[in-house]
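Next up: some structures, all given as structure tokens.
Two complexes, one shared chain (subunit A), two partners (subunit B, subunit C).
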Partner chain A sequence: MSKNIPTRLAFAGPLKEGATIEARWSAAHPMDSGFRVDDSGNKIARNIIHTVKVLLNDRLILEADLGTAMTSPVYLAFPLQVPAGGGVLRVLWQDDRGQVGETVQRLIL
Partner chain B sequence: MPSIRSSVQWFCTLWLLLPGLLFAQSGNAFLSPDLLQLQNDASRNPTQLWVEQGLEIWGTPDKKGACVDCHKSANQLQNQVTQFPKWSVEKQQLINLEDQILACAKRSGQDYKSLEHPQVLALSALLHQNATGKTFNLKPSPGHEAQWHAALNAGAQEFTQRIGRMNLACNHCHDQNIGKQMRADVISPGHPTGFPIFKMSWQGMGSIDRRLRACYSGVQAEIPAPGSPVLRQLELFLKVRAQGLPIDGPSLRR
Partner chain C sequence: MNTSSTQLHLQDPKRRHSLLMAAGAWLSSQATAKDTPLSALSAEGVELVFPRLADTGNAVPLQANIRAPQGANLKSLRVILPENPNPLALQLKLHGDMQSYQLNTRLRLYASQSVWVVATFSNGLERANSAPTVITSTACLDDS
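Right, the complex of A and B next:
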């Protein structure tokens, strides 16, 4: 788990059973594209979040392969149907340096 | 009895404060509609990442954090946030909120290396968020009036001093050309109510210290080192100039 990369998960829309809401995930990851150079002209190695997996109540609902064009902080919004009784949404990510992280948010009805 | 010289200086400082008061507008008033929408939507606003991290570092009574033991809730420091920069007897210069966070962190054994350390910015963002709506309340601390006034005057002097290859002073844009276009930007009065800022071109958060250094770079002047007294004097002048304007909390900039 990476402590130094703050992430957050927010919901927009009515938290009611069956309703479609938007989940908004963001992470303050540097997202170094690998194309940039530092002050001394040395290439900064690529380090981006390349894989994001979203699990709703432990069921995979979204898997994304991100490219170098993603902004920093990473922002990912996706629609979501609220299951009966709510649940737990988990976003798992992994970057090029092998850092992994998880953002968990409860869907409370 | 203040000397004639210091009275004249004080009068000049007051005179300089005037345009800032006439154009009392927050920097958020100069955001594009898209950015303003992003600013006002907490579920999308990137500054909230830092605010949430700040809350985590701060801690709660049941969950141990770095600050909660001494300061209780971050909400209780609302008024203190509005009083920076203030005169530090220990350092014999002005210190701002980020300096104070660094000093606190050092005392409590945290290893925050610089003013722009992510954790320092996170705490600063949290404290400024809680102080939203308050106004700057800058007064010299008792016994240090002379140093405080000297610092304020030095800030005013810096504000009007032509510098750099562009040969521009702050007031040439932020007093005399407010509302006009400078390339793709509209010039704001430069009221520092929205710090720390998330600047799109930085793709990250920055303190007022970093923003002011970026101004020096913009006019192609020699850039002062982070934490230089001149940056704090300028910050004091700018905040006195913005007195009466509500603090916006951490804000987006282009």
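Right, the complex of A and C next:
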């Protein structure tokens, strides 16, 4: 029962070789913290994105462990250095139900 | 009856003073017990942008600007909300060689508190800074 989770990855800053730009990733994941209850008073099981991995040209540059304090939608913005010739940035994620996803964005110089 | 007797006690300056002292000692012992490892660290090179007052705890934007000391790179970053049920909000492990780092994210807060950001550098050095905020509603419980 995996639902489609819309995600988005965008860049801010000058797309030039060697420049530091900001990559902004967000995912419209429900991020159920496990503390809330539904309308009939039953606890909603915890289901958050707990791991995010960021690969730049297939090289791991960032690993993030997320806790229940991350918002829904999740938002994470981090800097990266633009490699020569550009490349591909991949953001991989996994949630508590085992659902995985990938957001890919090309760095075009 | 209880209230009036408390008020009477509080009006007695000696009694009030001892009560305040006891409360202060208790508060500071609580604070040190929880914060000593972090507050003992230098805050140099760790700057936080965090709203002093937020309407709700549902989405509080945090910006952390980290500057590594000379000759070192940033290796990991932790965002800690001590009053949250799960205090560790975010942990980053960096595999690049970034000397300055700007992290932007949004956090859910259970209560008014200080957010702590702890940076670990490649030379083993740890630095931490905190920023307080006041929220008017919690993010952890359902609206009532």
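Convention: the second predicted complex is superposed on the first by the 106 of 109 C-alpha atoms of A that agree within 3 Å, B and C clash if a C-alpha of one lies under 4 Å from a C-alpha of the other, contacts with A are read in each partner's own complex, and residues count from 1 in each chain.
Keep in mind that, in the parts below, contacts are C-beta pairs under 8 Å (C-beta built on N, C-alpha and C of every residue); 3 or more make two chains touch, one makes a residue touch a chain.
On a predicted model such as this, the values are computed, not experimentally measured, just so you know.
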item	value
Partner chain in contact with A:G87 - subunit B first, subunit C second, else both or neither	neither
Which of subunit B and subunit C A:I61 touches, first, second, both or neither	second
Partner chain(s) touched by A:A28 [first = subunit B, second = subunit C, both, neither]	first
Partner chain in contact with A:T7 - subunit B first, subunit C second, else both or neither	first
Which superposed partner A:R36 touches (first subunit B, second subunit C, both, neither)	second
More subunit A residues in contact [subunit B versus subunit C]	C
A:T71 touches, of subunit B and subunit C: first, second, both or neither?	both
Doubly contacted subunit A residues - partners subunit C and subunit B	24, 71, 75, 77
Parts of subunit A lying in touch with subunit C, wherever the complex brings them together	22, 24, 33, 35-37, 59-71, 75-81
Parts of subunit B lying in touch with subunit A, wherever the complex brings them together	42-44, 46, 48-50, 52-53, 118, 122, 203-204
Interfacial residue positions of subunit A with respect to subunit B in the complex	4, 6-8, 10-12, 24, 26-28, 31, 71-73, 75, 77
Subunit A-facing residues of subunit C, complex	58-59, 79, 81, 84-96, 98, 100-109, 140-142
